Structure formats: structure tokens, C-alpha cells
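In the two complexes below, chain A is the common chain; its partner is chain B in one and chain C in the other.
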Partner chain A sequence: MAERVNSVVACRDMDTALPDIDHQRVVFDDGLTLECGQRLERLEVAYRTYGKLNAERTNAVLICHALTGDQYVAETHPVTGKPGWWEMVVGPGRPIDTERFFVICSNVIGGCMGSTGPLARRDGGEGPWGTDFPPVTVKDMVAAQRKLVGHFGIARLFAVAGGSLGGMQVLQWAANFPEMVFAAVPIATAPYHSAQNIAFNEVGRQSIFADPDWQGGRYWETGRIPARGLAVARMVAHITYLSEEALTRKFGRRVRGGQAMTAFADLFEVESYLRHQGSTFVGRFDANAYLTITRATDYFDLAEEFGGDLAAAFRGSRTRFCLISFTSDWLYPTAESRNIARALNGAAANVSFVEIASDKGHDAFLLDEPDFHRALRGFLAGCAEHAGLA
Partner chain B sequence: MDAVQPEGVRYVAKNMRVDLRLIAEMIAPASRVLDIGCGDGSLIDHLYRTKGCDARGIEIDMAEVTRAVVHGLPVMHGDADHDLAQYPDGAFDYVVLSRTLQAVERPREVLRQMLRIGRSALVSFPNFGHWQLRWQLLWTGQMPMTSVWAKPWHETPNIHPCTIRDFFALCEEEGYTVEKWLAIDEAGQKAPWTRAIGMANMFGDQALFQLRRG
Partner chain C sequence: MAERVNSVVACRDMDTALPDIDHQRVVFDDGLTLECGQRLERLEVAYRTYGKLNAERTNAVLICHALTGDQYVAETHPVTGKPGWWEMVVGPGRPIDTERFFVICSNVIGGCMGSTGPLARRDGGEGPWGTDFPPVTVKDMVAAQRKLVGHFGIARLFAVAGGSLGGMQVLQWAANFPEMVFAAVPIATAPYHSAQNIAFNEVGRQSIFADPDWQGGRYWETGRIPARGLAVARMVAHITYLSEEALTRKFGRRVRGGQAMTAFADLFEVESYLRHQGSTFVGRFDANAYLTITRATDYFDLAEEFGGDLAAAFRGSRTRFCLISFTSDWLYPTAESRNIARALNGAAANVSFVEIASDKGHDAFLLDEPDFHRALRGFLAGCAEHAGLA
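Showing the complex of A and B:
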């Protein structure tokens, strides 16, 4: 039986919490009132910047990260030691050129890389928030970013860009602060979370709850984290980030040379790949943060805030939009970007919309996709011209 | 075509199609323009650079869309038949449909939408009444093919060809006012037959109309 448990998710050294890192951050003592009505008395926003803010403060690009991303966009990650998640896109000479733009990225609130979230010390109490951390929404994440942007004295962002949950934040920015967003680039995203999206998130959450080490969310008390549950959540989610084509191309039905006809050893290559994805994830992510952020994405329905009319979210907007989707993305398929495009047209907004041919699924926005990178670079260059940025 | 540029063709857009150049001349500076079937966006680029227009495009071919976006042009994937209904009334000063009317599913509906969302519609189309086409059909008894109508009947996307006369008839039926119209001959010049529809319909390779409602 012990062998079986080990093989369910083969992870070593998982029962350790996230390393304590001193993330760069701003503390807002005036706090933040959340959409749910609760108030964070003290708001911390962890962030990283790249490039230089010009004297006029007009060249700032805010990047919004996805579900399990963070502010370490274009540098070695302090926990994993791996390259930043968007190094192909952000950096000197890259499509979001840090020699030209001042790039800001902050950890979303509810996250676990230094911004206020379940790992942070609770207001006026002992120990971390844990599951008592109030539910946050995409709008709350944007409200926190808005404070950070104000902290830099930036009145208008040249661009806001992001994929997936990051794309939702971009849409929220454009809807709530249109005068602060010259250009918006929502990538591989949707205007609301579909039943299927919520369903997959729920499987992930249930697998965390089912882990005895979750301990009702107070796992810090014993020092044993719900590593297996979190790893399985990541495995399920990871499948939704890929495509059948990509899985077939990478793994097919190849076996790892293990003995056939066993139910428990990892036999197929795709299995060990997923197990690896799961086990490395738990070393860099907090289970309660995962629960909080997946919930935030599930709550997302931009039209709801505008009486059910998505076009109303963008009416009168002077922001220049560039929607980008990928052919094989079935998590946030092109049809969702088309819904956004339709709403933007309904508001007579300025829209570019391109679907990039890729077999890499939803993750394509993080990978080497030359057409995507060229389109992003070209769109920003065109906008820079319109914005009068030299 | 290496001949001296005639007066009136002032723009440097060398690679721009003749009908696009003529369309550009009809558009007032600083206006809002939607170009349906904009290809790589050369017209909207031209309108922005030379006339300061807020020009945008819709294109059905994704490779062209990508090319346009890479060049920083506001172009979106979409098509005339399905995507015009999304825009609010009067969103544009001009809505342009160049050499696309003959390829849409419902030309009459597309025109209605164009004049709903735009104050003015600029429509160019290849003229199926050209004498060469008439002659080929009469003489060979087969579907005609010319440099303008270059694909065999089973390959062509042009499912709704019409003549200049047909188009006038449709405008009358729909109650549209033809503000301007002109025919273009083989050499790509404005043809001098604007007072004689019959002549234009016989010798014009392409036609360009500016319409407005009622």
C-alpha cells in the first residue's frame, strides 16, 4: 500500500512551505476595500520593474500575470531558479522592449509571491490569513495594481498586456480605467469564466480539499502542506493548457520502459511528464493561494458589472485594443476572443484581432510563437506612434 | 503603367491598387473609416499617414490580418457578411468595400449594413458588363475569363458578379443616392464616361460608387 501511495504522485521534499523571500514591495497603509465588502487594512503589493520610466512618465507597460505566474517576468525566478515566464516577450529588443518601455508587473493580491494573500499575516491577528483570506476578484487585483501605478506617479499606462487570467485583468483595466490605458492587449482570454472553465478549477480545488494534509486549510500549523492535492490540481490544469496535438507530438503513447500491465507505476511518458509538472509546482505555490485565485477567475464575468452588456464595458473608450488568440487553445478558445471583439465593435472601439496558428494549446502565449511575437511588437510599435512615443 | 502620373494621383502609394487610390481621393481628412476586406491594410495605412484618418480594417484572410497587425495597423479578423451587424449606427464617416461585393454571401444586406454604420459607403467592384466578358460568352459559349475575372467558374470566390447597370438598379431599388460614380479602364485610369452609363458598362473594367442613404 505504501508503494501505491508513493506512486500516486511521486514527489520528494514536498512537505516544505515556500521559502521565505524578501520580495520587492510597496505597503499601502490605507488598505483596500474589496468587492466582497471586506477591507484589507494593510495592502502589500509585490512587484518587479524592467527598463526606465521616461521623464514624462508615458512609457509604462503593465503586465498582468496568469493564474500561477508572478511578478518575475523577465529574470531568474528566486524560488525555482528558472528563467522568467515571459523572457521571450519582455526584455531588451524583445516585443515588449525594455530599452523603450518601463515594464511593471505585480503579484496579484491573493497570490503567494509577496502581495497580500492567504500566506500574509492576517489583519490584527496572529499567523497567516489562510482560508480566512477574503475572496478576491479580478477587479480587486486591478484595484491593487491601480494603487501601484499611482505609487509610480503614472497617470496613463502606455499599455496593459497579459494572457489568460492576465488577459482578464487587462479587460478589467480597460473597462474600469479607460483613460489610464492607451493600449490594451488581452491574450488567450475570455470575458467570463465558462462552466467548463469552472468545472476544471473545481476538480483542482477538490483534489486539494481531499488531501488529508490540507487540514482544513491550516496546514502551516503542522508544517505538512497538501502537496499531493496541489500537485493533482496542477496536473489537471496542465492538461487544459496543452492540446491533444501537442501531447501527441511530445509523448504519443511512448512508454518509459517500465513493466507493462501495472496500474500504479508511471508507465507512459505523458504520465511522468504530468507528475513532474505537479511535483515542481508545489515547491513554488501555496495551496490556499491556488484556491483563492482559481475562485477569482471563476467569479469573472465582466459584462455582469455592466448590466449584462459587454459592449457597455467599453463604450466611449479611446483605448486601442489588440486581441490575440491561438487556434489550438481550447481553454479560452478563439470564440471567446471573438465575443470580446464583437463587444468592442459594438462600442465602436479601435480593435486589432488576430488568431495565431499554433498547435501548442493555451500555453502558446508563453512559448516561442514568432507570429504572435511579431504581431505584439507591431501593434505596440503602431500604438507608440499614435501615442507620440519616440 | 510606367507612364507619367496623371494629375490627381498625388499619393505616393505606389503599390496601392488603382481603385484604392481613387477611393482615398474621395475620403475627407480626419474622418472615421472602416475598410471591409482591407487585405494587408494598405488603404488604412495610407489614410492615416496622408489624411490623419481614424481608419480601421476587417479582413477575412488571417495571414493578411497578421501582416497588417505586424505593421501596427488596427485590423481585425472578420467578414462583411457576419461582422457588420455588431457596429453601432453611424460609427463611421465612410465604410469602404473594395472589390469584395461580388464575393459576399448577401450583397444587398452588406450594403444596408454599410449605410447603417457609415454616413457614406464607398464600393468598388469589377464590372461584369465589360465588352470582353460579353464577347467571350457570346463567342465561345463558356464562362469568360479576363485579367480581372481571372479564375475559372468552379474556383472563383466571386459568387455575385454584377454589371454597372445592375448596381445602379440595386441602388434605386434600395433608395440609395449615388453621390459619385466612376468607371476605370484597363490602364487603371478614370474613364471619361461618367455621363454615359451604357459606355461605362461596356468599357469599364471596374466601377467605384459613393453612396448615401435616401
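Showing the complex of A and C:
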């Protein structure tokens, strides 16, 4: 008789949602008025920097992180103990060379690594914001970063770079503060969220809502977090980050050693991998932050802010753009970068566009892709010359 | 202040999993030995027929249904009250013309519309099988259909046709019972489940497992079904049935009338649509059957049965094949049908292959696609001539 194991994602029952870490941060007591009209009376922005700001304050590179990324770009992550998410790109001698540039990365507002978000204490109230945290947008995230940049006394960023949701922030920076962005590198991104993008996000949100441990978003009251719902949300998102080719190359139809035909155990290696992705994610991310940030990506439609004309977002811009996409990215496919390139051309902007041949899917921007790294390094070197950086 | 509605999939709390319907069925007291080695002592196959079997019993067309389809092909569905799932294809004067052909469709074993499956009473025990129902395969599904065809005294089917999982059954029929299949029409299908296919199925299963109302599969004991988990499973699957183009055309980024910026309400039309798909599904499908049948599709790898050589599955076959795929189907893309065509060519089989231009995605085989319907009608007409059917 076939073995019948009802194998489910193993999620720890954690006492607190996330470990309490003293993130480096700056507090803005003048707060921030959000696009939705609500006001954060107190704004905290958690950040990390790498390298040194030069005397002229002209060598700063702002890095914008993706949906589940954070400010720990190029150092060991304080929660997971793993390397920073972009150590291949950022560091001494790396494409974004910290011996040359002063690199800043801040946790997006709405996030869960120290910046104001659903985990933060609510304005004038007790306990965390939870789902009462106001809806935030990519524009709000950029507005918070703008304050951080001002805090450093930086009038113009040498470059703003980021992939995925990070790339949306790059576009928003270039559109709202063109005079502050010498060079912009939007990577593996899109000028708006498509119906399919929204649909996948919605599945993730519904999975969290469906978990009784979500408790209407007030899970801190019992200490039981919606670990299973969040894990399933991560699993479905993770599929969209990989290409079919990458999944086939990594796992194919391989089964785990010596298993008999089972209905529900994790028979196939790809299942174990996904379950692992789901269960580790819940140890480092907050469910309400996931709801908030996925919503921010859904709202994103840069053209809408400019009367439906994406080119108008960049008209008169002197920023140098380098768009980068990956052939096997089906979440934000090359066609979306091409739309951005078309708009930039329509605005007579300075734009180069590199499509990198890769079978790694959307995640390619986080992985070892020498052609991508070469393109990024070359573009920044050229821009540094134009900017008169030694 | 922005409206804050925590809108979740509305699922009815149903007393029983599915309405108790007296499905037309045949009982095989000699049972069925399954591929996993377990034996069903008693096999029930629920089915529907349309048209008349001719005196020579040579005009039968077996239709194989997809994952969540059933035997109600061309009549009002007894649970939903909606038209049959293939009324555009099957009926008087339709491409599968019931004035000419005797059409049979049976509920797959492992299903929940009357054939033996997790909802059925367990052999020699009390109560339903639930998750103790043995794992079944596409080959097992076909073996059950084979018994039904024998029950009708039919020695050779004029044709076997089906899309998606139905197409896998068609391939299995042609491989295991070539002498019984004059013509085979595998539509929008694949010769095996890819890592990405398995991954999406696994997300759906984990979503069901994560629902506490699943109760280890014994939800009949409380009468509370895992409606939310099953709804989320349906939502993610539904995205894979549609193309990105179809979602954009149908919904784009349209928001529901006059909504302010909300974080969690179903702001975008595509969200309402998905939530509706999820919540209606749970009224007509059994969660354990969903687990069982998705697993059957994951197991499917026809070449494996023939020493890794797909061509060997069809060597010596005299069946006439017509493969049909759709350009925008990314669940079982044209490349998979091409793999099948290559194997059939390698077996010197009689094969035609039609790729239909459609932006409707995988679901195109269920929708109004005149080119598809013309191709199917033409192929069957040609085969009928060869078969000497008047």
C-alpha cells in the first residue's frame, strides 16, 4: 500500500512576528503626507550605507529594494544570517563599487525591517498599526527616501538603481525628482502592474486572509502569526520569479530519493524546494507588510500620474537611463522595458536598453549573471566620467 | 481617510460538501487494481451519453474531461445550473455531432461527480474514503473508462477527444489501447507535467492543507469544508488558464466603480473576478478530489511508461491523431504538442497538428474559437469517411 503522508508546509509557531532588531534609522518628526491623503505624524526610515560619501557629496548611489528585500544589501542579514541580497553587485570592486561610491539603501515604508510600516507603533496610539496602516504607494516610498537623501545633505544622487519593485522606485525617482538623479538604472521592471501581476498578488493576499491566524490582521494579540497563509503566498510568488526553463533545469520531474507513489507527501523535488521557500520566508517577513507592499505594486501606474502619457513623466529630463531586462523574465517581461524605452525616446531622454539573455527568469537580477554585471559596471563607469567623478 | 475593508473571498459555510445527486452510473463489482498496487474492490463510473449508438457500435466518441470538468458535457449542470462545459463543441450539428456520433463522457475516478473517489464510501468501511483514497493516475482513469466502454459492448471507439488533463487521457488511451482508438484528438495538453505545472498544483494543495477546515481531510465529520483553501487553489489555477493578453483585454487595470484607494478591498476588477471564480468553485467541487486529481496530473509522464521513449508509446499504432494547441496557452504550450507530434512522427504514426491562433490562453479549448471548431469538425469528418461511417 502506498505511503500516505499528509505533508504540509512546516511553519514554526513563533511567539513574535519577527525578532526585535535595533535597525539603524533616522526619525523625521515632521512626518509624511501620503498619496492617499493620510498623514504619518512620525516617519522612521531604516537604512544601511556602504562606502564613503565624498566631500562634494556627489558619489551617492541609492539602491531601491524589491518586494521582500530590505536595506541589508551587502552584509550579513541580521535575521537570516545569510549574505546580503546584492553582494554580487555591491561591494569593493563590484559593479556598484563601494570603494568609489557611497551606497545607500533604505527599507521601504510599509516594510518590516525598521521603517514605518504595519509593525510600527501607530501614531498617538498603543500597539502596532497592523492593517490600519495607511495604503502606501511607490511614490510614497520614494518620498520617504527623498527625506533620507536630504538628511545626508545630498543634493543630487549620482545614481538610483533597483530591480522589480525597486525598478519602479527608480522610475518614480526619475519622474518626480529628475534634477536629483544623474543616472537611473531600472532593472527587470515595468511602468505599471498588469492584470496578471495584480492577479498573482491577489492570490497571495487571499491566502493570508484565509489563514485564521491572520486574525483580521491583529495577530500580535495572540502571538500566533499567519505562517501558513504567508508561506503559500510566498510559494506562488516564487513560481513567478523563476522561468519554466530554470525550474526544469533545477528540478525537472525528479522525485525525492526512493519515494513510493504518494498522493500528498512532497514527492517531487520542486515541491520540497517551494515548501522550503515558503516556510523560511515566514521567519523574516511580516504578513501585514506583505499585504501593504503587494498593494503598493498593484497601484503602480506611472503614466496615470502624467495624464496617461508615460513620456510626459520624463520630458525635459537630463537623467541618463540604462534599462535592463532578462529574456526569460515573464513577471516583468522585456516588452515592459521596451515600453519604458519607447516613452523615454518619446521624451528625447538619454537612454540605453540592454536585454540580457538568461534562462533564470525574473530572479536573474539577483543572481550570478556576468553579462548583466558587465553592463551595469560599464554604464556606471561611463556616467561617472560624464559626472566628473574621479 | 481611505476606506479600509478587509475583503476576503466569501465562501458559504456548507453543511455538506456537495449536493447529493443521483448520477447515472454503472457499478463494476470486479473492481479495479490501480497503478499504485492498491485495489478498489468496487468501482463506480458515473457517465452521460448523447446521441445514439449505431447498430454496428462503431460511432462512439469518448470525451475525456479536464481537471475540474465532469460528465455533464452538453446539458445543464445538475449542481450549478449552467450549460454543459462543451456545448459549443458537442451537440446536434456541432463539431462533435450528436446526430452522427454516440458521445460518452464519464467522471474520472478520483473525481467528485459520482465516480469512485474520495467522496465515495470506502471499501468495506464506514464513511467516505477521504484522503485514504488511493493515489490514482491517468492510466487508472483510462482503465476505468475502458470498463465503461466494454459495458456498452463497444470494441473500438471511433474517436477519443479531450483537452488538458483530458488530452493526457487521450494520449494514454492511444498508447495502451491503440486497437480501440480509430482517431485521437489530444487538445491543449502535454506528454508530461513540467516542474512549473507541478509547482502551481502544489501551491493549490498547500492552500487546501493550510485551511484548518480541511481537518486532515476528514471535513465531513464536522460539515465544515475547507472552502477558503479550495477557493485560493482555484484562483491560482485560474490564472494559469488565462493568458496575460486575455486578462489585460478583459480587465486591464480597471477599478471597480468609484472606489477610493483601498489596501485590501477588491479594488481592481480582475480581483473581483478571481474571488468570484474561487467562491463559486467550492460549491461544486470536493477538496480531497482536487488533491487527488492534481496529483494524478503531476504523476503523468507517458514516456516513462515506455522506457523514456515517447515514440515507443505509439509504435505500430494505426490511430489517426489530430493534435491541437493554442498560441497563448502557457500552461501546456504549443512546444509540448510539438513534442508529441515529434514522437508520433518518430513512430511513423498518422498525425496532423494544428496550432490555433488565440489570445485566450489554455481555456481557449473551452471557449468560442471558430478555427478550433472548424479544425475539429474537419478532422472528424475525414476520419468518418476513412472509418466507413455513413
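Going forward, the second predicted complex is superposed on the first by the 375 of 390 C-alpha atoms of A that agree within 3 Å, B and C clash if a C-alpha of one lies under 4 Å from a C-alpha of the other, contacts with A are read in each partner's own complex, and residues count from 1 in each chain.
One rule holds in what follows: contacts are C-beta pairs under 8 Å (C-beta built on N, C-alpha and C of every residue); 3 or more make two chains touch, one makes a residue touch a chain.
Bear in mind that the values here come from a model prediction, so they are computed numbers and not experimental data.
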First (chain B), second (chain C), both or neither touched by A:T80: neither
Partner chain(s) touched by A:Q24 [first = chain B, second = chain C, both, neither]: neither
Which superposed partner A:D301 touches (first chain B, second chain C, both, neither): second
Partner chain(s) touched by A:M235 [first = chain B, second = chain C, both, neither]: second
Contact breadth on chain A, by residue count: chain C or chain B: C
Touched partner set for A:T33, first chain B, second chain C, both or neither: neither
Touched partner set for A:T222, first chain B, second chain C, both or neither: neither
Which of chain B and chain C A:C322 touches, first, second, both or neither: first
In the complex, chain A residues that touch chain B: 320, 322-323, 341-342, 345-348, 350-357, 371, 374-375, 377-383, 385
Complex interface listing, chain B residues touching chain A: 54, 56, 62, 65-66, 68-78, 83, 86-88, 91
Chain C residues within the chain A interface of the complex: 1-2, 4, 6, 8-9, 35-38, 131-132, 134-135, 192-196, 198-200, 202-203, 205-207, 209-212, 216-217, 228-229, 231-232, 235-236, 239, 242, 244, 247-248, 250-253, 260-264, 266-268, 270-271, 274-275, 278, 291-292, 295, 298-299, 301, 330
